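Down below is the structure, laid out as structure tokens.
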Amino acid sequence: MLWYVVKRVLLAAMTIFLVATITFFLMRMVPGGPFIAEKSISEQAQAALNAKFGLDKPVYVQYKNYMTGALHGDFSLSLKQRGRTVSEIISSKFPISAKLGGVSVLIALAVGIPLGSIAALNRGKWLDQVIMVIATCGIAFPSFVICTVGMYVFGVRLKWLPTFGLTSPLHYILPVFSLAFYPTAYITRLMRSSMLDVLDQDYMRTARAKGLSWNRSLFKHALRNAVLPVVTYVGPMLAYTLTGSFVVEKIFVIPGLGGQFVSSIMTRDYTVIMGTTIFLATLLILMNVVVDIVYKIIDPRIQLK
Amino acid sequence: MSENLVDIHNEKLSFFTPAGEVKALNDVSLYVRPGEILGIVGESGSGKSVTAYSLMGLTAHPGRLTGGDIYFNSHHINRMTEKEMRRIRGNEVSIIFQDPMTSLNPVYTIGNQIREVILLHTKRTKKQANERACELLRLVGINEPEKRMKQYPHEFSGGMRQRVMIAIALACEPKLLIADEPTTALDVTIQAQILELMMSLKEKLDMSIIIITHDLGVVAGMCDRIAVMYAGKVVECGTTDEIFYQPSHEYTKGLLRSIPNLYEREHKKLVPIQGLPVDLLDLPEGCPFATRCPNCMKVCMKHMPEYTYLNDSHYSACWLLDKEKFMKKQRGALT
Amino acid sequence: MTSKNPLSFQLNTDDFLPASDEEKQNLIKMRPSISFWKDAMRRLCKNKVAMISLAVILVVMIFSFIVPAFYPYRYAQQIKGSEYLHPMTYSEQEQARMDEGEKVFPHILGTDNLGRDYAVRVMVGSRISLLVGLVASAIVLIIGSIYGAVSGFFGGWVDTIMMRIVDIIYTIPDILLIVLLSFALKAPIAKLAVRKGFGWIQVMGPNLISIFIVFALLYWVGMARIVRGQILTLKQNEYVTAAKALGASNARIIRKHLLTNCIGTLIVTTTLQIPSSIFTESFLSFLGMGVAVPLPSLGSLASDSLNGLTSYPYLLMAPALLISLIILSFNLFGDGLRDAFDPKMKS
């Protein structure tokens, strides 16, 4: 068991390292730099800024410096947001996205799992067809459509809900709804097909032969087996959702990490890009490890290798 | 009649599928006495498993009883509610299935799955249920039961899993054990062990067994009586000796003829039964075996034969037997 | 047990004569056997939802590829004085012309901020979305299936390394790569665009090229995983061993035996990849990283409409509805295909 943990940690570190390296060099391959576009800066000032942030040194030196710093937890200062460290930026924006994302994932699970199970149990009947059409719509409609149409209908026309910011619980409704739409639909579909597979299994027949009621055999025997693929899906989904959706944050004007990430790419804020990428990669890998462990708890057949 | 443990009278059961009505059982009648082992033999699709499941009320979804009565242990099965059925499932009648690999839930321990049926039907505490489970495991020949209880199905071999299934089935000391092809998925050597186990348990616990199989060797060694099924009908039923030494239905004869003889000196061709199995969506009006029967008569194709009793225990559904009686009657009338 | 009932019908001696073989043959009815493909097609055609989706897809295709050729307005044509017209209304100038007896084709979906007829822009926009979806899916199919087939077929350390690469690609955030690539490629593509025969690059926009390149670099991994999984299962089959024993080369085995058996999965996965590609393109266009102006994409149309949302909601509704419809239809049709090819489905 210990050996397994050590192996996972080493593998994770290696992957993060690789991703960081690729990102670093990819950024530098792009022509232009963080300070070129700024109109208000003279060439000398530009050179001074470049020197300050070490951008005038050869790329390999910059890489070495960055990596050594990163290993010590120092992700340097933001190139564009003067005076703020990257860590500070990430730690201030992440909780906002995380709150939004966390609620969305909870809703997706709370709605998706029962809905998918109901569809499976009523296979072929109209309830199943209705649920599946709604779920397919859910994965089909692009997020920006959901956001914009939702905002228009509920915010502009009906004026029931606020359309930007996150100052009251009411403000959460539209963004969470938009964010949770796709995962809920996906989980519903996944749960349905998984449940259908499980219902066909012989051990369900054994459960009934013992005298268990339909409901009890469902909850005890079917659910635990059927939920496994959902667990696999939730890991990465959680990582992406917690770090924020750019579209949702842009449309509803929410100062989260997703929006920050894309804007830092646009403005070539190298350090913020690196920091956020590493953060995202770490979170993703962490989630995968958590998922593997949860999976092992639910399904004892899995060998941790 | 009423002292029989199981009494099935003219059961008819169909599956109402989108493709049409699949007549799985067409007038099945059989009985099982307390303490006896009945073997039901027949090919795939003959309705053997369907009969057994209907006895427990476990008929799968588009299936419905369309006629007849089923009696078990003085319960009128086809008139019982689901709630009443649940009380006797796993309790007065148990079933073990063909494939032990998939019949156990992979995510729960063996102990959990045995305890489940004990706690469901008896008023024991969890601790008592655990003790009982260990007892059962020992009964079916699994050593170190305390350790084994905490293990998962994938840590057991096929034969061991089938033993566990037997343990679960016997947990509440049922009057009837139904074994649906219990050894088909196992090696021949394990097969022998499992069958011996079942016979010894039957003696110990004084229960009846219905064993469903397509393997004539299995029924020859184990059963007191045998029912031969074809296309949803019991075509012949009698004691083991009667079936093997005095088969009267052409199908039974065909089955016995097709067994290769171990002691044959010369190389002889195998003798299969001619023709193809019947389509249950489209059953003929007469005897379902008509097209494959070497002695088929015109009447066989038009009318379903009725049972002829050769003696108290041995009956068969064949017009050929009627023919003899008919001829005798004719001769009697003429003279 | 039922005792024997007295004979309820008349039997005579004739009935007890043996039946001839001919009479027995008449009783046997054989059902015709159907090939796998015909069976699948039959199941597909019975699926109402899938058939309706197919019809919708065909209608949209006609709508986006054929209709604009006959339409009285061009997508880049700016009509002065006709800015921000609501659907089915006319500007003052157009009204004046109509009063003089000239026939002016109505703006079915109104016009946008530059006076361009919105209906034709939506049509061309959906054409772009469909084209990108199809081309991108083709790229994903080719790269993904070859990669997955090779990885699955050879197994061992080849497989391990190839799958590790896949894992790493999965971890790279796609937005990052897309944006960086579009920046990186802007200059070289612009240079290429002025050379002979590459003028179409100008029209499509360098961003679109980068999107295709990104698809080629990133999005094939899902397909690769699926194909690899299939190959691993199929590899165990005995006909592969038989082919090897007969001396077939690896390439031949992959091509003839393994890939052909995957075709069902390939078709379904590609069909479901199309809406995903369309989704990605519209998403990127929405962010401003898609097609170049003035070429419309349903995503960019939706994005542009946000400014005047309160006053001109139709500018959002039309592209939003259409893109959702397209993606939905492809998904439903793909689902239908999957159900048709899966023999385990109890209909």
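Just so it is clear, A, B and C label the chains in written order, and each chain counts residues from 1 on its own.
By definition in this document, a residue touches a chain if its C-beta (ideal position, glycine included) is under 8 Å from a C-beta of that chain, and two chains touch if they have at least 3 such contacts.
Quantities reported herein were computed from a predicted structural model and do not represent experimental measurements.
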Which of A-B and A-C has more C-beta contact pairs: A-C
Closest chain to global C-alpha mean, per-chain Cα centroids: C
Most remote chain, CA-based centroid, reference being chain C: B
Centroid spacing, where centroids are CA-atom means, of chain B and chain C in whole angstrom: 51
Distance from the mean Cα position of chain C to that of chain A, given in whole angstrom: 25
Computed distance of Cα centres, chain B from chain A, in Å: 55
Residue list for chain C, restricted to those that touch at least two other chains: none
Shared interface positions of chain B, touching two or more other chains: none
Interfacial residue positions of chain C with respect to chain A in the complex: 49, 167-168, 171-173, 175-177, 179-180, 183-184, 186-187, 275, 279, 282-283, 286-287, 299, 302-303, 305-306, 309-310, 313, 316-317, 320, 323-324, 327-328, 331-332, 335
Chain C residues within the chain B interface of the complex: 1-2, 4-5, 9, 11, 13-19, 23-25, 27-29, 31, 347
Contact footprint of chain B on chain A as seen in their complex: 201-203, 205-213, 221, 224-225, 298-301
Chain C-facing residues of chain B, complex: 1, 9-10, 18, 29, 31, 275-276, 279, 282, 284, 290-291, 295-303, 306-309, 315, 319, 323, 326, 330
Partner chain A, residues of chain B touching it in the complex: 56, 58, 86-91, 94-95, 97, 99, 102-108, 116-117, 120-121, 152, 154, 165, 168
